[in-house]
C-alpha cells in the first residue's frame, strides 16, 4: 500500500466514522445535500487550530452552505477540539439556527452571519482567541507581514474596537448590529483584529480561512520576537504580500494533508 | 453511541475508577456525604492545571465542604498531576486535618483555611506557581486584563509581600497568621499575587476558581508580549471586565468539558 | 538484548519498513545504487526537524547523489513530517526531476540545485522556515553564535534579500537565476538567511546540515532572549566558533541516534 | 491496589527492568556494591531533564560512589534521554573510566571529576545546556532568584569564562586543568554558569542536583520575562533564599515522585 493509497484509505475510514452515524441522517436532514468533504474540512480545521493552540476551549470555524449560499454551517456550541461532523448545524443569514433540535448554539454566531452577508466572496470564516494575536489587538503596534506565508496581511489587518460604537460591553459579538460593525471594519481584507478579544479570518474556502488563522498567529509571534531584537524591522511590501498569498493557494493541500493526518491520528 | 452518550459513559467509567476503591469508604468516611461530582472537580482541576503547566509538582485545588461549610476538602500532600479522589481529605477551619490516618498534608493549607474563613462567598481556592504570573509578583508592573476571558482581573489583582509583615521568611504560608495576612490582601478580589512565589485564585465553584487560575496565567503571558511590542497597551475597563466575567459563568461548561475529556484520556 | 543490540535491531526493522516496499524498486530504479542509509538520513532529518517545529508543512532536506555527484536526492512535494524513503526522487544539476512518474516536485528545488553547483564540498542542503530565525531575516540585528553548538555561525550568516536583484516577487526561489543569487550570498558559509522567508543550511553530510538547521534555530531563540536582558551580549569569537564546530562533527552521532529513535517511535 | 501500592509495584517492575539484565552483572561488576536506588536516580534525573528540555542530546548527571567516595558514577557517552542503569560506568577521581570495556565516555567528565575533588560535600553533579540559562552566561545581567524554588541562587551563581585562563578554545571542559578552573569559580555555590556553553549544578544528592538544574532553568526564563516588563524587579534576599532552599529539601520527594512516574511511563 503506497503513500497515496494509505492516505486515501485513512480518509475513507474517517469519512465512514464521521458520517455513518444514524443520528446524522435524522437530526441533520437539512445537511443532506452538503458535500461530506465540506463537513470534514470544518472538523479538521476546528481540531487542527485547537491542536496548535490557536483556539482553546473557544473559537469556531464555519462555511457558507454551497446548496444555499445565504446560509452557513457551524458546530453547535462545543470546544473546537471536540467537533465532529454530526455536531454541525445550519444557520440562516441572520444567524438563526435551522433545525436546532434543542442543541445550544454559539453566542457569537453573528460574527459569521454578518461577514457572509457583507462579503459574497467569502466561503469560510474562522474566529479565534489567538495567543499571538491578542497582544496586537490592544497595542498601537500594527500587525504586519514578516514572511511569505502571511502575505495576506499586507492588504491590512485592521483593529476593530467594540467600544467605539457600543460603549462598555462584555466584548462579545452578541447580536447582528455588533456583527455588522465588525464586518464593516473587516472591509475587503482577510483578517480583522478584535480589541481585547481575538480575531476573525476569512477566505474562499475553509482550508484558506484556517490557513490564515494559523499564519496570522505565527506571524504575530514572529513579529513580537523581531521587535524584541530592538532594531528596524523590514516587512513584506504590498506587492510581495499579494504575490506570496497567491502561492498559498497553490500549496495549501500540502500543509492541509499534514494537518488532516495529525487530526485523524487523534480521532482514532 | 453519540457524543453525549459517549461523554456520559466515559464519566461513569471514571467515576467508577475514582470511587469504587475499598480504601475510600474506610479511610474517608468523613467524605461520605460529599457529592462525588465535587471530588471529581478537584481531581479534574488539579490535573488540568498540571497539564497546562500552570502548576508543576506543587500547587493545590480545594473546595469548601458543602455538608459542613466551615470545613474544606483538599488532597493529601501530592503533586497535582497525580491527585485522585481517594487522596482528598477534609480539613477544619484552621487547616487541621480530620482523619489524617497518617497521610501527610500540604504545608500551605493555611492559604485555603484563612481565605474560606474571611470570604463566605468563596467555595473554592486554587494556589499555583504560575509561570506567567510569577514575573508580575516581583515587578512594579501591574497585572491587568488584556482580554475578555480574564475580565475578573479588572477588579484588581493585588500583590501580597510576605516580608512586609513577617520579615525574612522561607516565603511560605506556613501558619494561620500568614494565611490571614494573605486573605486580607486578597480582600474581595478574585486573585491575589504572592511576591516571589505564585498566586491564589478563588471562585464560587471549583470550575470557576480553576478557570481563573488558568486565565490569570494566560493573561499574564499575553500582557508580557503586549508590553514587549513597545507601544501603549489598552486594558479592559472596569465595566468591560465585570461584564466579560459574567459571560465566563455562562460558558464555563464548554471549556470544562474539554478539560475533563483531556484529563480522562490521561487517566485511562 | 542490550542497548546496542536493541538499537541495531530497531534500525533493521525500520530499514525493512522503509525499503521492502515493492513500489520502491519499480518507481525508483534510478535510486537503486543510492546507499539505503542515505535515504534513511533524509527521512530522519525531515521528520526530526518537523518534530522540533523547525519546519512546519514546508521545508526540505536534500543530499548530493554519491553515485552521480552532479545530481541530488529530495522528496517529492510533501510535508517533511510525512516523508518516507519511497518519496525520494532524483534531480539533475538544474533541478529537473529524473523519472518523475507524475509525482509533483518542490517549487523551490532551485535552492538545492544551485548550491550543489556552486559548492562541491556540500553534500546536503536543508531549507526551513525556522521560527527562531525568521525574525533575524527581517532585522538589522545580526545572527551570531551564542554557544558552542552553533559555532558554525561564527563564520557568518549573511542575509539574502531577493528584492535586491529581482524586485518585488512572491519571495520564492522559483528558478535557477534566483537560486544562483542565493548561492552567491551563501558563499563559503554554512548558513544563509532569506529575508521574509527562512534559511538554508549546508554541510558535508545530511546529519551535519540538519544539525546546523536545528542549532541555527536554537541559537536564534537564545540570542533573542539574551538581547531581551538589556545588557551587552558576548558572542563566540571566530576562533572559538571554528574550534567548537569541529567538536560537533565528533559528537554528531550521539544526538543523531537520539533523534533517530524519536522519529522511529512515531513511525511505528 | 491503592496509590501507594501501585507506585511501589511500578517501581519494582522498573527496578527489575533496569537491573535484571545479564550484561549488568558482567560488564559492571565494579558497580555491584552501588545501591540500585542511586543508579535509578541517575536514570530518572537524566531522562526528566531531557523531558523538560533542560538537556537535549547533550548533558549528564553523575553521583559520587558511596562505596568509594573518591570515585563517581556516570553514563557512557549517550544522550540523557536514552540512559539506562546498564549504561552507568565508574570513574576515578581524575575522570578515568574503570572497566570501560570499549564503551565511549563523555569528553567533559572533568567537570564532574574536579568538582567532586574540590567539594567533599557534593554527592551529585549535573551539566546542562539549559536554554533558559545560556543567555545569562553571555550577558552582563546576573542570574538571581525570583521565587522560592530557586532560593539556592541567592548564594550566587557565578559565570565562568573559559577564555580568561585558557584563551580561545572549543569551549569544552576537556581536561583536568579546565575542570579545576571551573570548580574554583563554582566555589561553595550550588550553580556555576559557563560562558557560551551552559551550567553545572551540584547538591548533596542526585535529586537535589537535578532539582537545582531544573529550577535554575525555570528561574532564568522567569527572570527574562520579568526584565521584559520594563520596571524594577525584586529578587529574594539572601536570607529568604537560604530559608526557601531548606524547604526544597523537605518537599523534594513530592516532585521527584511525579518526575519518576513521568519517566517510567515513557520507559514502558
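Going by the order they are written in, the chains are A, B, C and D; count residues from 1 in each one.
Definition applied: a residue touches a chain if its C-beta (ideal position, glycine included) is under 8 Å from a C-beta of that chain, and two chains touch if they have at least 3 such contacts.
The structure displayed is predicted, hence computed values, not measured ones.
K.L.:
When every step has to jump to a touching chain, what is the lowest number of steps that links subunit A to subunit D?
P.N.:
2
K.L.:
Overlay subunit B and subunit D by their C-alpha atoms and let me know the rotation angle in degrees, rounded to the nearest 5.
P.N.:
90
K.L.:
Roughly how far is subunit A from subunit B, centre to centre by C-alpha average, rounded to an integer in Å?
P.N.:
Going by mean C-alpha positions, subunit A sits 32 Å from subunit B.
K.L.:
If you average the Cα atoms of subunit B and of subunit C to get two centres, how far apart are those centres in Å?
P.N.:
45
K.L.:
Any chance you could list the residues of subunit A touching two or more other chains?
P.N.:
In subunit A, 228 touch at least two other chains.
K.L.:
Dump the list of chain pairs that touch, please.
P.N.:
A-B, A-C, B-D, C-D
K.L.:
Within the complex, which stretch of subunit A touches subunit B?
P.N.:
Touch list, subunit A to subunit B: 21, 23, 56-58, 77-79, 81-82, 84, 86-87, 107, 129, 131-132, 134-141, 163, 168-172, 195-198, 224, 227-228.
K.L.:
What part of subunit B is in contact with subunit A in the complex they form?
P.N.:
2-3, 145-149, 151, 218, 221-223, 225-226, 228-237, 239-240, 243-244, 246-247, 250-251, 254-255, 257-259, 261
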